[in-house]
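As structure tokens, here come the structures.
Here come two complexes built around chain A, the first alongside chain B, the second alongside chain C.
Right, the complex of A and B next:
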């Protein structure tokens, strides 16, 4: 299978014109991918997620022309508050559907444009993402077609979010897209980036997104990913984040699609006073599968991290939370917590949790909690005695269960949109029962 | 506490460290089919047991040592270990205490084993394992009147072959893991307990293990079977003399509880942990597993682990019957260069099964400690319930504490709660106690004892006292 990727790389690179550093990086990354290979069946990191689909499906890169279905899909997810909205279809920027910002404190460019013109890009590209060690990051590095580079100037306070919409078009052939998102929030700035992952129902697809996010000193970055892909649409997402002195990183990952999601956030709290709040929310049905492998590294003293993941599983779906907090020797006064809460709504659904703490410093406060259960029969009974039907009572309680995470989203239109999607999914889940 | 006092403690040598000089009948180091046959022959075992050992040995040869664990150790040379060592005794074996080698008795004396009259006062029946052969068993009569079988493993093979054949390897199969397979091939001796239907074992059973001859890995096997409605409480405690070379201890413990049967298994482990640089010390790689086979049965593991250079074990319970209960209470203390990777597995298969896990880890010096556990709820395990609490306490800035719980739930009717915290003994707590006239060390001991209280409460009283002392000794000098 790996040889398939090698031969397709030759075809993919055929006739491309780009700087030597990128060509070299691609070549090295391909070699690393071949060396690392896809995870083996007994790989501990992939205990709960099967990669079978990637072994049998010959994914291809594919461009797409005009497509009314796709237009409608994108239009429905646009955010009125967005200061920029970049649409990427099958890994390539769709210029006609995108718009760029006018704010002087904010630069948003296609990766392809930055590659050609920006001398600082070689330092940023591949700096945070461990492309030598992780197969999907290596793959993305070797095959990246385009992406978005966001730079927030020192001290700039950007009100609206930068919205990146990733779409995979349906088609006869399984499609692969390898987009990349690079965000640099400079000292004292404040901004938010929202990524929406969509797909036209039908064909099998793989969106292999790699994010590299740098949060500068005292900067604040809000990052929200919403996946709404149809069944057979797979999302591999590697988010590498580095937070510097007193920087604040807030993330919300919401998995409301029908396909497979594997999210690997790697957050490094690199300097004193940095903080990271990682929220996760998944409402799954059918054969949907969400696997969250979170790693937060406390490298410096006095950093704070919070992980709050809430999962609702129905149908034959499977939710996985595999979170690790690593507290390095010098990271005294660390305050870290992990929370994974799960509700199972059907007999065939499954919840797996692996909240892990690796601690090498003594003056720390670390805690984790995990629960798996059903809706509280007493609470259901309470609502029913007040004349609320069983389905509605269940809906209300489930919505309340995930609300904590939803309400923390900073951008209001994005919050409304998320609430709408959660409600729609819950309705669907309850109807199916 | 001042630095000098701290150093004084660190330099303090292991108080249970001595070697009893007695003649041993020892096989030369090395491991092949011949070794397995030789062990079996010396023990005059039946053909089926030899075949079973050989099957395990052949399978072991196809296996590789696991490498996923957190503790690191030098490669073990299995050919350098002597697999058989038994104290020389008259060919017929001792008939009474008078016939037992006085040096052995002296060793027991130092360990405080209530072997003679003291046993009666302590109310404990002791099956003392000195190296590999059981040399004396007390309280046989009281037990046999109740119908309880408590004997060395070899004796049970001779006298109750049907029971052994039925249950041996039924919880930990020979294919289970590397060290269990090795144990199946070369196990020397151990204990066998059988409590018949409806019998409540009249006393707490206890066995002291002691590793004595240089370069002798000890491969114990314990098999405990309680029939319908029966109950037994089994205590296991260990100390070992000081050695320079790492010694491997790969034991297997199997517990079987039939309908409404109950087994309470308690361990205080205080083997030689190695010196302050981690030289010497025991490798304690043990497979312990119980099965709640019949409906309404219960298995409870309690362990206090303060010794060994490396402790690596996961006492587990398979909750097969309906309404069964599994419990795991653990205190693990690591100091200096000690490493521990311990926890439990609770496998819920039956309906209305419940499990409780309380794990307290204390890490000091340069020690590293890991809690690793699995709670698995199968699809058919309706209304399963688990509560897990694992807390770690760090003393000193060079130690590590890690928590790796696995939670796998396939039933929507399950209720699972898992909580874990990691913290240090807070300055406020120590300050408060010092204000009231306690020394820093006493203050820390008090806080640590409070931290472990929920586990100590589960221990039989004699052990609870010993455990608290052990804890204080293990941590002495680690605060200042």
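Right, the complex of A and C next:
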């Protein structure tokens, strides 16, 4: 298995022209991947998600040309508010479908272009993501084809989001893509980055995305990932975030696809006064699977973190929230909370919620709560006495349950889009019952 | 016309309605009084279709149709409305969205087109003004953080917006101060005509000073033990239910 990756790496690298630092990094990352290997079957961190899907399928890298289905897929998810929209198909930038910003405070470039021209990239690339320790990050580092590098200048206030659309297209062979997103929000800036993950129905694919997000002093970064992939389109997402003095990081991870999602956000509140609001939302049915493994590290004093994850599971789907807050010795006056709320709409659906705390400081405020349950029968009855049918009543209550996190999304068109997808998914879920 | 014959219902095996008879004709207001635990709320909820109770005997017809055979939402579509003694809080659902969804659900059931947003807003604004409700209640989550009186007023708002034909109000007067009672009574009285039938469940005769009933019934031990006119309520106020309890 592992050796397959080595030989495919040789083929992948054949004839590539790249700066020496990247070639070295790739080689080291491949060696690390071989050393670390995929998680073992009994690995506690992978208790709820089978790695089988990543192992047995001989994923290949593949390019696509013109594709009407893909065009329609992308067109439907574009955001009118976006200041830049970069489309990545099977791991490679699709220049014809992409649009770059004109705002002087914002630089958005393909990773491939930045690699060739930028002497600051070697410091940013691989700095936040633990590629030596995590197999999928090592893999991405060894095999990265392209990606997006976003730089928000000091003090810049960017209204619209930078929108990155990742698509895996259909093909005879299963497809693997290893895109990378690097965001650098400089001091006092404010910006949004939205990632949409799409797939052409019917094909098997793995999108192994690695994100490295740096939130500078007093900067505010909004980060929203929306996955809408069809069944058999799997998303492996590692998000490494570092927040500096008084910086504010707001994230909303929304899993509304039919495939498998494994998300590992690692957020480090590195300097005093930094904050992170991590929202999660998943509405799953069929055999969809969403596994969220969140780690927030309070390194500095006076930092705030909030995790609010809301899951709605139907069919045979499974939603996992496994969140850890680590409060380091110097992180006095930490204020951290974790909240995982789950609604099960069917007998075969499953929810796992496991908040964890590791505290090494003595003056901290940490709270956590989890619930797993059904819709409230009294609320259902109340709606029905007003003439709202059972299926609609369930839909209304479920939408209300997730509304809290949907409404927190900063960009309005993105919020409308998310609401639309949540409604559509709920309609589908209710119909199937 | 509502016809209840020998209605029996239980909760977890315990008989709560024990053979109840009642006929309510369009245009009539019937008050149902009785001590705590007599089964008044049970009657209200069984009529609305609550699944908490098992109907073990008897019949209920509404305009000739078998009400007991219909699920809750269908009864609402047939014009049955229950104003709850304890209105339910629904976090995340705004009052205006809730009402618009309810109107459209009922219209759909009757094969009518949806209400336009403009038309709905006009209707809602008019009814809220009539009930002296602040416009902010439109955007608030249904009953969440409402005071007892505000919840009851919100029930009457739903009543006026949905305009049902059979109006069952369960202790709509409890927890109301005198001003709120005035407003609630004004709302109910505004619907009084030959097209609406009312069942008012109440504990105190005070409500009946504001909404004057055509008939008064005494419910004890799960059935109606005495019926009369307005003066019965005054009599109960003076002497209590003791005599009826013995008789039951």
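In this text, the second predicted complex is superposed on the first by the 433 of 433 C-alpha atoms of A that agree within 3 Å, B and C clash if a C-alpha of one lies under 4 Å from a C-alpha of the other, contacts with A are read in each partner's own complex, and residues count from 1 in each chain.
Here is the rule we go by: contacts are C-beta pairs under 8 Å (C-beta built on N, C-alpha and C of every residue); 3 or more make two chains touch, one makes a residue touch a chain.
For clarity, every value in this text was computed on a predicted model and none was experimentally measured.
**Q** Clash or fit: how do chain B and chain C relate after the overlay on chain A?
**A** Fit - chain B and chain C, as placed by superposing on chain A, sit side by side.
**Q** Where does A:342 make contact in the superposed view: on chain B (first), on chain C (second), on both, or on neither?
**A** first
**Q** Would you check which partner chain A:362 touches, where first means chain B only, second means chain C only, and both and neither mean what they say?
**A** It touches chain B, and chain C stays clear.
**Q** Is A:378 contacted by the first partner chain B, the second partner chain C, both or neither?
**A** Only chain C; A:378 stays clear of chain B.
**Q** With both structures fitted on chain A, tell me whether chain B or chain C touches more of chain A's residues.
**A** B
**Q** For A:329, is the partner it touches chain B (first), chain C (second), both, or none of the two (neither)?
**A** After superposition on chain A, A:329 lies in contact with chain B alone.
**Q** Mind working out whether A:400 is in touch with chain B, chain C, both or neither, as first, second, both or neither?
**A** second
**Q** Determine, under the contact definition given at the top, whether A:351 touches first (chain B), second (chain C), both, or neither.
**A** The first partner, chain B, only.
**Q** For A:386 in the superposed arrangement: first (chain B), second (chain C), both or neither?
**A** Second partner only.
**Q** Once the shared chain is lined up, is A:21 touching chain B (first), chain C (second), both, or neither of them?
**A** In the superposed model, A:21 contacts neither chain B nor chain C.
**Q** Could you grab the smallest C-alpha gap between chain B and chain C in the overlay, to the nearest Å?
**A** Result, nearest C-alpha distance in the overlay: 15 Å.
**Q** Residue by residue on chain A, keep only those touching chain B in one complex and chain C in the other, then list them.
**A** none
**Q** Within their complex, state which residues of chain B touch chain A.
**A** Chain B residues touching chain A: 68, 377, 379, 392, 394-424.
**Q** Under the stated contact criterion, what part of chain A meets chain B in this complex?
**A** Residues in contact with chain B: 44, 329, 332, 342, 344-374.
**Q** Please output the residues of chain A touching chain C within their complex, sorted ascending.
**A** Per the stated touch rule, the residues are 377-379, 381-390, 392-393, 396-397, 399-401, 403-404.
**Q** Which residues of chain C touch chain A once you look at their complex with the stated criterion?
**A** Listed in rising order, the residues are 48-51, 71-73, 75-77, 81-82, 84, 87-88, 90-93, 98, 101-102, 105-106, 109, 158, 162.
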